[in-house]
Amino acid sequence: MNAALRAVVLAAEHYGIETIAFRHGYQGLLENDAMPIKAKDVLHILQYSGTIIKSARCQRFKEADAAQEAAANLDSHNIDALVIIGGDGSFRGADHLANHWQGKIIGVPGTIDNDLYGTDMTIGYATAVNIAMDALDKIRDTADAMDRVFIVEVMGRDAGFIGLGSAMAAGAERMILPELQKEKPLTVAALVKHIQRVQEIRGEGSYVMVLSEHQWPGGAVALAEQLEAEHHLPCRPCLLGHIQRGGAPAPADRILASELGVHAVELLLAGEHRVMAGKRANERVAVPLPDTWQKKNPLDQNLLRIQHEIFNPVKKNRRTKTDN
Amino acid sequence: MNAALRAVVLAAEHYGIETIAFRHGYQGLLENDAMPIKAKDVLHILQYSGTIIKSARCQRFKEADAAQEAAANLDSHNIDALVIIGGDGSFRGADHLANHWQGKIIGVPGTIDNDLYGTDMTIGYATAVNIAMDALDKIRDTADAMDRVFIVEVMGRDAGFIGLGSAMAAGAERMILPELQKEKPLTVAALVKHIQRVQEIRGEGSYVMVLSEHQWPGGAVALAEQLEAEHHLPCRPCLLGHIQRGGAPAPADRILASELGVHAVELLLAGEHRVMAGKRANERVAVPLPDTWQKKNPLDQNLLRIQHEIFNPVKKNRRTKTDN
Amino acid sequence: MNAALRAVVLAAEHYGIETIAFRHGYQGLLENDAMPIKAKDVLHILQYSGTIIKSARCQRFKEADAAQEAAANLDSHNIDALVIIGGDGSFRGADHLANHWQGKIIGVPGTIDNDLYGTDMTIGYATAVNIAMDALDKIRDTADAMDRVFIVEVMGRDAGFIGLGSAMAAGAERMILPELQKEKPLTVAALVKHIQRVQEIRGEGSYVMVLSEHQWPGGAVALAEQLEAEHHLPCRPCLLGHIQRGGAPAPADRILASELGVHAVELLLAGEHRVMAGKRANERVAVPLPDTWQKKNPLDQNLLRIQHEIFNPVKKNRRTKTDN
Amino acid sequence: MNAALRAVVLAAEHYGIETIAFRHGYQGLLENDAMPIKAKDVLHILQYSGTIIKSARCQRFKEADAAQEAAANLDSHNIDALVIIGGDGSFRGADHLANHWQGKIIGVPGTIDNDLYGTDMTIGYATAVNIAMDALDKIRDTADAMDRVFIVEVMGRDAGFIGLGSAMAAGAERMILPELQKEKPLTVAALVKHIQRVQEIRGEGSYVMVLSEHQWPGGAVALAEQLEAEHHLPCRPCLLGHIQRGGAPAPADRILASELGVHAVELLLAGEHRVMAGKRANERVAVPLPDTWQKKNPLDQNLLRIQHEIFNPVKKNRRTKTDN
């Protein structure tokens, strides 16, 4: 977030535009909690996680009168354009505001979940994968030494991006992702079978599983208990939680944030409105805001195929053979 | 572990002693799963977590006939002395074995929990604190941006070393440690009160809590639900689990492992037996094995006082004042 | 490298192909230093830097008789196809070998320098940028506290990818890159002027510079001495060297390596020969080997513009104004 | 530094003492650049390197009139006591000031070099060793893959603490430390002989060397050139420089800073003056300021013996044997 904020401020200054920041997102917009922000204020914030202008959830913003208040506050500062850095909720809010305000609005995709349509990557995703992978690497060290089963629960809202990215990067034996669950929900029996086959094939018991949030009732803790109590598989859970939202941002996130922050300002200068500044297949794009949350950003099918099939130690045909 | 193994092997070679390693700890000892191990085998393992000779739990080792089998296996290799790297369970096993075997036995304290009497630090503790602190730092980034309450559950068995060390290093607002719980168990009401006072005093909501394992029924997940459901405090749990056992070892652990591995070999050469090679107040010491688990390694009282009282944003006297 | 090797071996196994590895690259090919390699051998190597089959430079391989020897060795194992993981030198060698050997050859782009034409990223580049950025972040901490000038020398051979990527990610005040130097070499006078203007504009002295290797006689050490001795600017050099080639691989590198390793095997199955398995604008591509080093991989012009112009605290027009 | 500053401020507040900070160290003291500092100002600075009150060198402070000016400035704020966080230079300054000022002065040992007498560790040392070790680990990855010689130049002023600590933690093959050089300077011939013997004994060429600053004319760059040009040993230098002063502080440093910051305030309350708050063999101590720089803090002789002799792959007696 900081990196995107910095890019917007620096690009604005470059083009001779003044900038004002609202603290705490929409909540601050309603409370008119504004501060002028200049190049000097964003010096050397690039390496820090979080955001110097803080963020917050704001339930009330969905209502019409909230958007009208926000519009009035924006007008009170003579603001011509608003850059919103955030995810799907922020963009819905932005679109809602656009119905009640005359100024121009550009979104910058900032969410760890990578679940916005129209851009290959969202700002924050690379860092989240990095952190989840690092946790999986550490787990692997122990798993190898102790021949055990481990479940690491990662974030992602309703999308499996963090799950797939970290599972692939860390070479996990199994992923439980929303996209896979929707297709064919995994049963405990099938899971236990897979674990046992992997252990047979390899002659060792290290088995690391990535579980996307909301994909198992009770999460990693409950699944671990189930495997241990019902199937006598010693199993340890790990719940990463908000660790995934912190830490020094990965280079890919800082670079993307710099590009898209500048891109947002240049879209404004080009007269664009109600779009998200994105990047797809190396091209800068402008994506209509409603598309970003109405259309689904699909998982990379090739990565899914590689991780789920090609790198799967248990082959489908082999399974059939031994099953008969 | 690798660092200690390497130190034992290098020191042995230095003194002209041959070394044999048993894979998977006591289990390997019972299965006679031995391998000669030389300087060349431990080259460049220092930076890797886990252990190249693997580890395992071995329930059966407690029985007398298991110790006799182990003794027979040791004798079959003409082994004169055994160096055991491990924690309290390993040392109990070592002492048990000593009743059935003629060779000399030296322990090297290797556990992340730091709960062995007689040595200031155990090998692995510094790394575990490092990892827990890193997680807390990442949580803090988000906590600051979102003004929320977070609970991070850390390891430690029945001791609060990892909890205290990481809470202090990361500046947590609250620790729930076995030692503190034993003295005066924390009630949810008292916790809620503390959270609210901290938020009042500081005018912001970031509150990070370190919870030692086994100190709350259901752990961090349950406590977070309780705070959110019963007290409307938005709260997020995080369960580090075995992440704390992995990762590149911290320098302090590698250096201590090097010292104590060499110390163990030199204790053997000096004729010592049934002792743990430890370090206390900068001195190398030899601690009788039974002391290591029968006596309690107390938390550093000064650190506890600093973190729990001096750095506590809510002062006792202030509390009294406002309470009346 | 390990990640790519693993992907090739796992994909080969998936498709029922046997694999043999040659240790130490072309040198091992000449010495017929081969070993069968299976899925089990590449288990859990993903997180480690370097390569389990080691690498080496081999001057002799350029000669015709060397390629003939290599061909004979390959034939002695009945090898049908060779996958070469490496950079520009390795690919020249591969093409040379193709003139003397009947088997199929596919390259996988593995170099930290990102200087191969035909693929957006090479395997290793993301990790190198990560490490350079981390060093720059650490330098920034001190630079901020001490208001000094720092020069960090990074790798890149004749290309500025690591320089640009790390400078942008870390928000460096100045980059000295081959591509910029070719256009208009930086003089010490111009550099000193820039430093002084930045310090004036910001009212503080922190100035961090990224210097690509081979772009200043004597490198960072010499430039620092020049600035200090001739211009009284306290300046500290830092030479990252081979640190940039180590460390746990970044997720982007592991994922790319997995994709391209599989892609290489699938290109072989599709009958391709003398091409590099690459990825460009999200598409998997097959690039003729000679193109990879004969054509130039240009820096991303938008990133260059952002970092060098938009984020430059000293604006060209401002400069003109104050100069008159 | 931040951690120590925070501890002083929090402890002061705990005991009802007001605190004022001077920015830029002694320079700020001369310029009367003071700011009140409270618990709120040091919230969550623990995890950041550097110092929020900045630091600077101040040549002029050595003069008598400078100390008198400083004393006047201190008196103008009605300051009773001054806590100085710094190294040997800062403590000389503190002692000088004590000759011209009536207030009490306590030093807190903050230097990465660990070269202050009277305390086992200085604040910053653990972090510097961590960073140097991390660089050595990364170098090792490449060294192993490429069988080369590497030289990493580390800081330490005139002491070998960072050199010894990082060499031991990373398992370097050779250290060139001030303490060893003073005893018997290493010749290039002896170094080359050692390198070749290590490569012979191990059958591989990976050789990593830690060079303390000021211990070789021209540093690591010059030594690498010498080995390569004169002795045909392919060799790569690496100059860590100020990287060692940055980065998230290690837990040991944060904990020590917390302890010593509180200790400093409590020493003041106990009426102590002109002493450094230190920790030795687990005890908090008060060391007369002049002792801290006049007496030498020796390297840990046991660590030196282990790393230099016991872990040395080339044994002295073996060398004699093969020499004849």
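Order as written gives the chain letters A, B, C and D; numbering starts at 1 within each chain.
As a convention for this text, contacts are C-beta pairs under 8 Å (C-beta built on N, C-alpha and C of every residue); 3 or more make two chains touch, one makes a residue touch a chain.
Keep in mind that this is a model prediction, so the values were computed, not measured.
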### Summary
Joint neighbours (chain A and chain C) are none
### Summary
The chain whose C-alpha centroid lies farthest from that of chain A is chain D
### Query
How far is the middle of chain A from the middle of chain D, if each middle is the mean of its Cα atoms, in Å?
40
### Distance between chain centroids, defined by C-alpha means - chain A, chain B (Å)
33
### Distance between chain centroids, defined by C-alpha means - chain B, chain D (Å)
28
### Touching two or more other chains - residue numbers and ranges from chain C
137, 140, 144
### Query
So how do the chains connect up here, line, ring, star, complete, or something else (other)?
ring
### Query
Touching pairs of chains, which are they?
A-B, A-C, B-D, C-D
### Query
Which residues of chain B touch chain D in the complex?
6-7, 10-11, 14, 39-40, 43-44, 46-47, 120, 126, 129-130, 133-134, 137, 140, 144, 165-166, 168-171, 202, 206, 248, 250-252, 254-255, 258-259, 262, 280-284, 302-303, 306-307, 309-311, 313, 315
### Task
Could you please specify the touching residues of chain B with respect to chain A in the complex?
1, 48-51, 54-56, 131, 135, 137-147, 150, 219-221, 236-247
